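Input: one structure, supplied below.
Labels for the chains are A, B, C and D, by order of writing; each one numbers its residues from 1.
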Amino acid sequence: MEDMTIIEFETFLVELDKNIAKLKSVASREGDTAASNEAKQLTKERAQLVEKFFRKLTAWDKVLLARHKDRPYTLDYVAALCDDFLELHGDRAFGDDGAVVGGFARMSGRSLMLIGQQKGRDLKERQRRNFGYMKPEGYRKALRLMEMAERFSRPVLTFIDTPGADPNVPSEQRGISEAIARNLREMSVLKTPTVAVVVGEGGSGGALGLAVADRVLMLEHSFYSVIAPEGCASILYRDATRGADAAKAMRVTAQDALELGLIDEIIPEPLGGAHLDIATTAENLEKVVTKHLDVLAGLSVDDLIDQRAKRLRALGKFENSVERWRTAG
Amino acid sequence: MPDWFKRSKSPEVPEGAFVKCTGCNAILVTKDFERDNKVCPRCGHHHPLSADERIAMLADEDSFEEFGNDISATDPLAFPGYAQKLTTGHADESGRNDGLVTGRASISSRPVVLAISDFQWGRLAGTMGSVFGEKFAIATDIALEENRPLITFCASGGARMQEGLVSLMQMAKTSHAVAKLRATNIPYIVVLTHPSTGGAVASYASLGDVIFAEPGATVALSGERVAAQAQTQKVPANYRTAEFALEHGMIDRVVHRRDIQSYIARTLLFMQSPSK
Amino acid sequence: MPDWFKRSKSPEVPEGAFVKCTGCNAILVTKDFERDNKVCPRCGHHHPLSADERIAMLADEDSFEEFGNDISATDPLAFPGYAQKLTTGHADESGRNDGLVTGRASISSRPVVLAISDFQWGRLAGTMGSVFGEKFAIATDIALEENRPLITFCASGGARMQEGLVSLMQMAKTSHAVAKLRATNIPYIVVLTHPSTGGAVASYASLGDVIFAEPGATVALSGERVAAQAQTQKVPANYRTAEFALEHGMIDRVVHRRDIQSYIARTLLFMQSPSK
Amino acid sequence: MEDMTIIEFETFLVELDKNIAKLKSVASREGDTAASNEAKQLTKERAQLVEKFFRKLTAWDKVLLARHKDRPYTLDYVAALCDDFLELHGDRAFGDDGAVVGGFARMSGRSLMLIGQQKGRDLKERQRRNFGYMKPEGYRKALRLMEMAERFSRPVLTFIDTPGADPNVPSEQRGISEAIARNLREMSVLKTPTVAVVVGEGGSGGALGLAVADRVLMLEHSFYSVIAPEGCASILYRDATRGADAAKAMRVTAQDALELGLIDEIIPEPLGGAHLDIATTAENLEKVVTKHLDVLAGLSVDDLIDQRAKRLRALGKFENSVERWRTAG
C-alpha cells in the first residue's frame, strides 16, 4: 500500500469495491451472514485505507491527482458555480485560443470576469484545446478581458490548469515570451481585484501568466511548479522518469506553497480528490473565493494596487549577508 | 550539460597569446581579441563576456558603483546540489553574490542604473533566483528614486529550478518592477545576449521600451531540447536566434557589440533630451 | 452591382402571403417569417432588416426616441449622381435623413443610445458620409452626457465615395468618438450585420468593448472584387464571414438574431451592475 | 501639349533636351551661330512650357506625380533631414512590416519619433516592402512607437505614402481592420504632438491609419483619396481605366483637401516635382513641419488633446436642415 501511487490505489479500490459488491450480492441472495459480515468489515477497512492513504499523499500523488483524467476543469466549475457565463472570444489580433476560456460570469450575485485554462475531455476536445498549453493569442485574449474588467470595475477570477505554455515553433514566432511577460506586467498593476486559483496543474510561466493576483489560492491536491517535475528530473538526475523525486525536491504541493508563503489559502477537496465530488469542491471553492473577493472589494483601488505591489516586491527568500557561503567553501 | 552551454563556452587557448574562435576555429591574437570585446573579426561570433567586461565596455570610466552585493541566497528548499553551487559562486574571483550585477554608472555622461547578467556565476547559467529578483528590484527602486534609466543585459537559462516556486515568482517580481518604471516613464532598455531563454524572456527581458540583441544570441522561451522534442513541423534555420526574434517583431534591432554603447546613448538622447 | 448587394437583397415574394428564402429557396409563410425576425427556420439565413425592424426587435416597447434627423448631406464635391441618391433617400418612407438611425431607447429597462445602420437608405449601401459621422458623434455625446451605453449595429459598404476625402475623415471622427466613450468607461457594444465592410470595420465597428456578429454576415476590409483580385493564395471557405472573423479572434461571438437582445442585456448587466 | 499627362510631358522634355544638347554640340564644334541661337530659343521655350504645364496640372497628373517612380520616399527624406535616425523594428506580437519604417530621429535639433510608409526602389525592395501596402503588424508597430513617443513626451511625425492597406487574405486574418481602427482611436487621444505629411499617395484607410494628427500637411503634388481613383472609376463608370475622371470627381489633390478644410497647409515642391530636387523639397518640408511643431510644443497636453478633439469632432460637411432633399424629388 505504501508504494502505491494514487492511480494504483484507485485501481486497487475498484477491485476492492468489486469484491465487496460480490460479497454483498452473495449475502443477500443466499442469506450468507459470514459474507455479509465480511462485506461490512471490508467496507470499514476500505474507509480506513482511504483515510490513511490520503493523510500521507506524496508530492507525486498530488501531481497525478492534479493531472487526473477525471479532474474537474474550468468549465466544470463554471457549470457548478455560475448563474450565467457569457463566453467571449479572441485576442482581436490573431486568433482565439481554445486552451483558455473567459467571459462575463455571475457568481454568488456578483459580476466578475472569469478566465480559466481549459483542457479537453475527449481526444478531439483535447486537440482543440491544445491539452491546456496556451498560445500567445491565449494570453492576449486573457489580457484583453482583464483590461475590460478593469474598465468596468469588475473583479477578475482566474483558474489555473496547464502543463505549461505552448512550446512549439508558431508560438515562439508569435511571441509566447512577450505575451506572458506583458501579462505579468499588466496584471501586477491592474486596477481591479484579482484572485487566481490553481485548480489542477500550475505549470511554470504558462501558469503564472494568469496568476499574478491579489490572492493566490490552491486546491488541496493541485500543484504549482517552476518546471515540470519530469523536466526537472531530466536535468537533475538525467532521467525524466524520476518525476516523483523531482516533485519532492522542488516542493510542488499546495501545502509547500503555503509554507513558503507564496499562496494565501488552500481550498479543501473532498476525500479522494475533487473528481469524486465536483459539487462539494465547487462549493468549497466558492466559499473561499467569495471570502477573499469580499475583503478585496472593501479596498480602494489605491490600497489594492499598493498591497499588491508590496506583495510582489516581497517575493523571494534571501539573507542580508553573504558570509555563510563565502566561508562554506 | 545543455547544448547552449557548450556553444557558449569560452574560447580555448592553445597558447597564452592566442585564442581559438568557437565560431569558426580561427586562431586569434588574444590582445586583439580582447580589444574587439571578444568578437571574432573573421566570423563575427560574439563570445561570452563577464559582467565586469560588459561594464567596462559600456560605462564611462570609473563611473560604476556597485550595489546589492550584501544579500545572498538561502537554499529555501534544501535542494540537491544547490548549496555547493552557491558556495562555488561566492568563491569565484568576482566576489559577487549572484549572477546579476547591479550598480549606478554613467553612459556618455548620462546617469543610469545597470543590471548585468553574468552567465558563469556559480555555474548557475544566469538563472533567476531570489537574489536576482531582489537585486533587480533594488536596481528599479534606485532608478525610480534617482530618475535614472535602467539598462539590463540578459544572459539566462531562465528561472532557477533550485529555488522551486520561489524562483518562478521572480518573474512576477521583476515584471512588476518594470511596470513601475513604465508608470513613471523612466527609460528601460534591454539587451539580449547569448543565451536569453526561459523565465527571463517571459518576464523582464521582453519588456524593454527598446530591446536590442547581440548577433546570433539564442532568444527563446523553450530550452533547445524541449523545443526539439515539441516540434511537429519544420524548424526555421534561424530558429531561437536574435535574428529570428527580429524577423518576428519581438526585438528592435540586432546590434553588433562594438555599437551597443552608442545605440544605448542614442536611445537615451531620444528619451531624455529636453522637450522643445 | 456588387455581389454582396445581390446576396443581401430582400426575399422575393411569390404571393403576398409567402416569401422565398434567399438562402435556400424555401417558401416561407410571411407571417412566420416576420415573427422570426426574417431568419429562415430551414437554413438559418439572416435576411436584411431595416433600422426600424432592428429597433423593434431590440428596444423596450415605445422606448425609442429618435434624434439627429434634422441634419442632411450637402454633396460637397457635386459628385456625379450623388444628389439624385440623396433625393431618393429622403423620399423614402422611413422619413430618414441618412442610413444611420440614432436615438435613445431602453433595453431590458436599461437606458441606452442606439445607432443602427440601414443598408437600403438612398441605395447608398449604409456608407459613412458626413451625416453618418455627425449622427454617430451626437449619439456618443448623448451617451457621454447621460451615461448611457452606446449600441451600434453595422451594415455598411464603407466610406461614402461620393463625399471623397470628407467621408474618409468620418472614420477618424467616429473612432475618436469611441475613444471618448472608452476614456469614461461607458459601455460600447457593436453588432456586425451583413455586410460590414471597408471603412466601417476599419473604424468604429471594430472598436466595441464587445463585438457580436450575425451568422453568415460578411465582415471584411476589402470588397469582394478587390479581395478576389488581390489574392495570390488559396482563399479559406468561410473567408470574409463573421465565422472567419471569430476564428481569427476579431469578434467575441456569432449570435443568432433571436438571441441578440438577450446577449446585449447580459453584457450590460456585467458592465453596469453595481460593484459589490 | 494640353492632353499630355505629366509622364508623357516628361518624356517629351527628355527628347527636347536631347535636341537642345545636339544643337549646342553642333554650335560649339562648328561655331554655328544659328544652331547656338536655336538652342537658346528652345531652352527659353522649354522653361515657358514647363511653367505653363505645371500651372495647370490635372488631378490625374498629381496622382501620377505622387506615384512617380523617382518620387522621394520616407527614407529619402530621412537621409536629407535627419542628423540621426535609429530605426526600430517589430510589433512585439507577430512581425516587422517593411512597408513602414519608424524610429528615433533628430531633426532641426529636436528629438522626435519619425514613422513613414515606405515603398521600394528596385523590384526586390518593392517586394520586401510590399509596394507600400501596410499589413496589420505595420499599424501595430507604428502604434507601439507612437505610444513610446507619448511616454517620453516626444512629438510624432508621420509620412504618408501608400496605395492602401494590404488587402490579402493573411492581412484579413490578422485583423487589418482592427489594426487601422485601433490606430485611429489611439492617435485621436495620443498625449503628444502629432504631425502627418502626405508625401506621395494618400491611399484611403491605409493612409489615414497613420494620419490622425494635430496637423495634416500635404506636399504640393501628393494626393489623398477615400478610394483609389481606379477603384472609384470601376464603380462609377464601370471602367477602371477612367481613373483621371474619378480623380477629378473625387477632388483628390492637396489643393482640394485644403479648400475642403481637411488639411492645414501645402508644402511647395520645386518646379517639375519633388523628384527633381529632393534637397529643396526636404528643406521646404522641414520648414513647414518645424513651424507647426513649434506651435504645438507651446501647448499643454490638455490643450493639445482638446484642440485635436475639436478638430476631429468638426470633420464633415452637412446642413442643419433636411428640406433641400425632401423637396428636390
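The criterion applied here is as follows: a residue touches a chain if its C-beta (ideal position, glycine included) is under 8 Å from a C-beta of that chain, and two chains touch if they have at least 3 such contacts.
Because the structure is a prediction, the values reported are computed rather than measured.
When the interfaces A-B and B-D are ranked by C-beta pairs in contact, the top one is A-B. One inter-chain figure worth recording: subunit A and subunit B are separated by 33 Å, centre to centre, where each centre is the mean of the chain's CA atoms. Here the spacing of subunit A and subunit D, counted between their Cα centres, is 55 Å.
Per-chain CA centroids place subunit B at a distance of 43 Å from subunit D. Centre-to-centre, using mean CA coordinates, subunit B is 52 Å away from subunit C. In subunit B, the residues touching two or more other chains are 182, 206, 248-250.
Within subunit A, residues 92-94, 173-175, 178 each touch two or more of the remaining chains. If each chain is drawn as a node and touching chains are joined, the picture fits none of the line, ring, star or complete shapes.
Against subunit A, in their complex, subunit B makes its touches with residues 69-74, 76-77, 79-81, 83, 86-91, 97, 129-131, 133-134, 137, 159-161, 163-173, 175-180, 182-183, 198-199, 201-207, 220-222, 226-227, 230-233, 235-236, 239-240, 244, 248-250. Residue ranges on subunit C touching subunit A, taken from their complex, read 182, 185, 187, 206, 209-210, 246-253, 263, 266-267, 269-273, 275-276. Of all residues in subunit A, those touching subunit B in their complex are 165, 167-178, 180-182, 184-186, 188-189, 204-205, 208-209, 212, 224-227, 231-232, 235-236, 249-252, 256-257, 260, 262, 309, 312-313, 315-322, 324-326, 328-329. Listing the residues of subunit D that touch subunit B in their complex gives 84, 86-96, 104, 106, 109-111, 137, 141, 148, 151-154, 293-294, 297. The touching residues of subunit D, counted against subunit A in their complex, run 92-94, 136, 140, 173-175, 178-179.
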